[in-house]
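Below, subunit A partners subunit B and then partners subunit C, in two separate complexes.
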Partner chain A sequence: MSDTTVPLESQTGHRSLLLPDEKLKKRRRSETWFKMLGLGAVITGLFFLVILIASIVYNGVPAFTQTYLTIPVTLPAEKLDKVGNRNPSDMRKVSTFGYKPLLEQALIDTLADRGIEMPFDDAGILADLLSDGAAAGVRRQVLDNPDLVGQTVEFDLLASSRIDGYYKGRVDRASVNRGMVLTSVHLDVADALKEEGLVERRFNLDFIIGADASDNRPEQAGVGVALLGSLFMILVVVALAVPIGVAAAIYLEEFAPQNRFTDLIEVNISNLAAVPSIVFGILGLAAFIQFANLPQSAPLVGGLVLTLMSLPQIIIPARAALKAVPPSIRQAALGIGASRNQMVFQHVLPLAMPGILTGVIISLAQALGETAPLLLIGMVGYIASNYPDGFLDGFVSPNSALPAQIYEWSKRADPAFYERAWGGIIVLLVFMLAVNILAVVLRRRFERRW
Partner chain B sequence: MSFGTLFLAVIAIAAVAFALSRRKVLGLAQGDRRRLHSLPHYHGMHAMLLAAVPALLLLFGWTVLQPVVVDRVAVSHFSGEKYDTSGERSLAMSEVRRVAESIDALVRGGKLGTSELETLSDEDLGRELDDTGIPVLSDLPPQIIDSARIYRSVSATGDLIKLGLVLLLALAGAAYGYSAAHPDLRARNRTEMGVRGLLVAAACVAIFTTFGIVLSLLFNTIEFFRIYPAGEFFFSLTWSPSFGGGSELGIIPLLWGTLYISLIALLVAVPLGLFSAIYLAEYAHPKFRSAAKPLLEVLTGIPTIVYGLFALLIVGPALSSVFGRGGMGWMPSDTAVITAGLVMGIMLIPFVSSLSDDVINAVPQAMRDGSYGLGATKSETVRKVIVPAALPGIVGAILLAASRAIGETMIVVLGAGAAARMSLNPFEAMTTVTAKIVSQLTGDADFASPEALVAFALGMTLFIVTLGLNIVALAIVRRYREQYE
Partner chain C sequence: MDAMAHTDQISMSQSETLTEASDNKIAARSVDVFYGKNHAIKNVDVDIDDKTVTAFIGPSGCGKSTFLRCLNRMNDTIDIARVEGDILLDGEDIYDKRVDPVQLRARVGMVFQKPNPFPKSIYDNVAYGPRIHGLTRNKSELDDIVEASLRRAALWDEAKDRLKESGTGMSGGQQQRLCIARAVATQPEVLLMDEPCSALDPIATAQIEELIDELRQNFCVVIVTHSMQQAARVSQKTAFFHLGEMVEYGDTEKIFNSPEDKRTESYITGRIG
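Presenting the complex of A and B:
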């Protein structure tokens, strides 16, 4: 009796279930914390993604525009066409160096015309405003159209990378003085030229289709040739990895008996999927270049290495796609008298095709962005300045590849190349994005639920 | 005849065999398909496979092996102590190949007749090559020119035999297929066996690849240990290769850098990835989950070169402005362990999170319900029921991420620096096994020198470590899966 006389409240405080006690409050607090931690982790991950994309876009977009100076250049016949017949093959004898003084003179004349003070003693220093490639550009236009000789023609001359960077806000007065070539006096002239409306920034098609340029002409460097190299490599991958991978998947999923040999193949495939890409580079170097004497830096070798790398990436999703085709389809085919081969090739494979294609496309996108193995087979350090001579030549003549080209630029001393590298990344990501969208569309279009 | 034309020729022969055999059986059956054992196109394919497959196999095999054999023959003509080591021989061999190509170019350009070439003395030939401005060594040793001639003649003979044999094999296969074509021939069964064989061959490519990797690593590693003591490689604490000789090639500083960077990467990736996975699997609204998950996975799809550039040009300078000379003064340069580790961690977040997501979702709902029924909150359920149940899978995911981190190349090549250093300061530049593989094999080093060969020993180490991690991880994951299914 005495036990029950003790009021409940005095034992544990108030015990209404509607009011949380200390312990419950603590548990709820920790619950909120835990949830916040999780949300924070997701947001941090997304934040990194945003930063990454933002820095790519911010740094890379300028590469798609290029600064030109619109300068009238006098093309004296006595210097450019000594024979006087306006025949391009004769005029070819005047090299780029022959055009340089003309551009220097044109710049001086323009400054005088527009009332801008000429700050340098030497016209050559003033001409540093222009790219080393500007004279070559004028020469090409003159050779294309010999009738220009003897006239004064307005040319859009490629500005040097520093001047280009100054207009884009990449280069400022402090940093330009640290460099060897230009001084802030050049920038004064550049400002004056801009006020006169002689500066034009326009879309830089040459960046996308052009060739790589040497170390001192970043303003002329483009990804075009490297892009072709990547294309040839992907062609090799498509021609080899896709049939081999799909065939292997068909064998393992549809025909392979349960035995040691099948296990061996499966273990090999899952291990190859996890081998670091650089090891595939070593394989390419030792097997294809050292042993089989294939040419270095050739897209063929790169394509072979990428083929071996993408095989597991193709086989594993292809097997999953084949497995997803319901057994009823197989039984129906066998039931009406198809052989096993006919069942697989005429019924199962077409139904599994969308899934297989999705895997193939994703693995191709991965292969497109792979860099490390290409370093070892000599696709870096090779300056991709020449287009291949033809379709077959494209496979064996030395070339770079898009990711290798980006790496190459990121190693160069001139920061102007960094802009190109970021621009190259945009090109690469646009390609990968397009490929992935294609995969998603295919999946949506052909996906079937059983 | 070039490889491409020969290939097309074989294909053409096979196509003709297909058409002829198909027509032959239809003719023999007097156009009545019911008299055939197999559908007409199986009869065609039977002949086509017989014509194409052996011939193409021979073509590929011969094309790969011929240069190897020709090299052997040409090398056997070098003598004297000048060509004693394999390095000098391979250098001379590449010279021979170049000279041979230059002669080919001369002949193609019509500057040199084939008969002229045989009568021309070595000196004259050398001068001829010089005149054309083809870059060859100015004074070619007669041995090289001699070998180049042999190289050319053996190559030419080989090409001729290849052409003959391949065409012969294709024609023989086609002829046999055509003569065997008969309405009673079990063409479908035979064709299907052939196709089955091709499928097996495709599946075996994976085995050959593994073999190729192991062999190419093994041979060169053995070669390396023959000229460099294994004890020093494994236990020396200095890494200072010098291409002049007298290098110290200890792997320990490289392993230290690799593990340190991987550790930082995992310290970033594991908590973020794990918490993301838990939040997305247990808390997030389905709509949020279906938006956030693919977005996070974009991070895995981005090529590593992009992360490398991001480390070099964005993260490095940003960290340096805080911890570098302007700030704390701990970070001597932009490239550092922390730079590479952080960026690699970002790359691995979705890797960890999607693997963990899979294992968390594999925990049966009944276990959650049981926990809720006992009054546990969501976070208590996660911590005390789900994570312990999913632990083996999570550990497996972490091990897989570690293997990724150890094998990652581009981020460390661009972000970690080049100096091999053993230090505890994460703001210092260190280097890794993968970065050194790249730097040792992309220089102009002679392939036979220990400085180049060490890359293969490093690659072997890398291969074994990552393979071991993967096997352990997969074993753990597999054992876990069996518990609930």
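Presenting the complex of A and C:
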């Protein structure tokens, strides 16, 4: 048999296998198309994921470093400690405004010292290089260590957000002149300071543990307090939604009789899962704040709202996980004389645990990322400017949540806040990643073969 | 422990014999079972002897498994199932309102079609029943029960070195014997077996059949099987079910050699089923 001639029939008289079949070709073609389509979808998805992660990292990573100016500051005793006994409670009487002239003088001295020309008439304008919070930082360090008074000490002074942005490449000469605060002359001074090695950019721990700051101090804003708010809310959700949701799922799946009433409950739970979260927000406002008189902006209320939102999302997968436990295990338990309760809690529930946990963790992650309902109950971003006093206060003292804080920053005019918003998203994603890893670990622990 | 349980059961069945004047372990009287509107079991009367293997045979869907499940009230777990008539265990109606099916199932153990060990260790599988029923006071008593039960299920030699390993890691035949050991461990009086060999290979089947013959010395065994050869091999009494009715019931030898009913004969000879 040669390669060029294809026989129509095999030796036994059947249609030859070597003969191409038009219909089969068509079937094969559609298979190839579908494979390519699927591969294309996966590649597109990956492409966008890469873009997403790259842009988040590119925009957000600068928030994790902050610029400081290393300047020697003279701390005269006659100004800072008039009593003269280095007693912090007396020294507290000197406010931040008392420290501000010291910093201005220190800047002028440094310029003179390093042979940099002082371009401004007013020292106050030169001091715009520094953050409004720089004086407060010096004051805190002096109060912590009163012996510094009377000496000249090198301080790392927080630079203003524009200067920080200039070193990070966010601000340039054209854009800085559009603002009201700094001019390109400031940037010349900044360049000169950098040449002298007085500029340091270092890891910004305050961004992760700090509180939100007012509109004109973006360089001081941090996610720490909002992160605590999120944490307290999640505690409320874990304490309420998980036991209630799992118990409801067990009751409905294992104990409830099949009748119209339970059907109605089932339909309602499924529908609740599809209700927009903002509806839960306004429900929380009406029920918890206006009716039950719980405090506004409190993580307790936020946690309650998120509990309502999470319940259907916990119940539905938990029921599915319970339903997926093979009936043979139930029969084995019942056949040996286990009560229904023993069957559920000793056999069915342990086997359903991985599935239940998956649902719980997905719903917790979703609750963690929820913004809209929190805005309605007053957990807006700028509230998160004070730490709670202790554990219990954390539930009731006004606070925000991480996503609401990010939203707040994204609304503010200063691009420095925009950078912080991206940084906040990185913190949120790392938080989520940690929760997801925990989920995987827990699942592995509970997973059993049968 | 083993021997004590044995004599307990003998003395119990003797006293029952005196009071009831019969050695029927189970007596069913005009039992009907409905699944919703489906009439699955029609007016079945049967007396099942103690220390005997009784086989229920019949074509698929004839109701033999349904009837078996009435004997330990496993049908209770199906919402739409309804049982009418009387089923007496040692003269007591098991469908009496005062009877808790959990208590009943401790006395009427069950082995299922598909081996269904718990995903726990071999030891815990066997010990589960005695634990929940509070049959033992301490660990060594429990150890004794586990060993005795595994021995009865002819599994001790294979399992004694791997008691801590998962029961689901055993072969199918071993798993089924583990399920038998688990059922035996609660020290029941009756063992119900719902096609216990249908998921097993011929060698495992032979082992289980041999085991069933040994279990007869201590238990009243009722086995549902779709294999006539199996019924002939292991049982002393056979009941033939067809379309929800019990057509014929008697000594296995008689059912297979000289059936009275035409339908039984047709089934035995392979014309229906």
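Rule of thumb we're sticking to: the second predicted complex is superposed on the first by the 392 of 450 C-alpha atoms of A that agree within 3 Å, B and C clash if a C-alpha of one lies under 4 Å from a C-alpha of the other, contacts with A are read in each partner's own complex, and residues count from 1 in each chain.
Methods note: a contact is a pair of C-beta atoms (placed from the backbone, for glycine too) under 8 Å apart; a residue touches a chain by one contact, two chains touch by 3 or more.
All figures in this text were calculated on a predicted structure; none of them were measured in a lab.
Asks: Are subunit B and subunit C a fit on subunit A, or do they clash, once the structures share the same frame?
Replies: fit
Asks: Per the contact definition in the header, classify A:339: touching subunit B only (first), subunit C only (second), both, or neither.
Replies: Touch partners of A:339: subunit B and subunit C.
Asks: Figure out whether A:140 sits in contact with subunit B (first) or subunit C (second), or with both, or with neither.
Replies: neither
Asks: Who touches more of subunit A, subunit B or subunit C?
Replies: B
Asks: Does subunit B (first) or subunit C (second) touch A:347, or do both, or does neither?
Replies: second
Asks: Can A:292 be said to touch subunit B (first), subunit C (second), both, or neither?
Replies: first
Asks: Just to be sure I read the superposition right, which of the two partners does A:29 touch: subunit B = first, subunit C = second, or both, or neither?
Replies: neither
Asks: Could you tell me if A:202 is touching subunit B, subunit C, both of them or neither one (first, second, both, neither)?
Replies: Touch status of A:202: no partner.
Asks: Touch test for A:328: subunit B only (first), subunit C only (second), both, or neither?
Replies: second
Asks: First (subunit B), second (subunit C), both or neither: which does A:258 touch?
Replies: After superposition on chain A, A:258 lies in contact with subunit C alone.
Asks: Working from the superposed arrangement, determine the closest approach of subunit B to subunit C, counting only CA atoms, in whole Å.
Replies: Nearest C-alpha atoms of the two chains are 7 Å apart.
Asks: For subunit A, which residues belong to both interfaces, subunit B and subunit C?
Replies: 339
Asks: List the residues on subunit C that touch subunit A in their complex, please.
Replies: For this pair, the touching residues of subunit C are 72, 74, 77, 79, 102-106, 109-112, 114, 116-119, 128-129, 132-133, 166, 168, 179, 182-183, 186.
Asks: Given the complex with subunit C, which residues does subunit A contribute to the contact?
Replies: 257-258, 326, 328-339, 342, 347, 351, 448-450
Asks: Quick check on the complex: what are the subunit A residues that touch subunit B?
Replies: 27-28, 30-31, 33-35, 37-42, 44-46, 48-49, 51-52, 55-56, 59, 243-245, 247-248, 250-252, 255-256, 264-265, 268-272, 274-283, 285-287, 290-293, 308, 311-312, 315, 339-341, 365-366, 368-372, 375-376, 378, 380-381, 392, 403, 406-407, 410, 418, 421-422, 425, 428-429, 432, 436
Asks: Quick check on the complex: what are the subunit B residues that touch subunit A?
Replies: Within the complex, subunit B touches subunit A at residues 4, 64, 67-68, 71, 97, 188, 192, 195-196, 198-200, 202-207, 209-210, 212-213, 216-217, 219-220, 271-276, 278-280, 282-284, 292, 295-296, 298-299, 301-306, 308-310, 312-314, 346, 349-350, 353, 377-380, 382-383, 400, 403, 406-410, 413-414, 434, 437-438, 441-442, 447, 455-456, 459, 462-463, 466-467, 470-471, 474.
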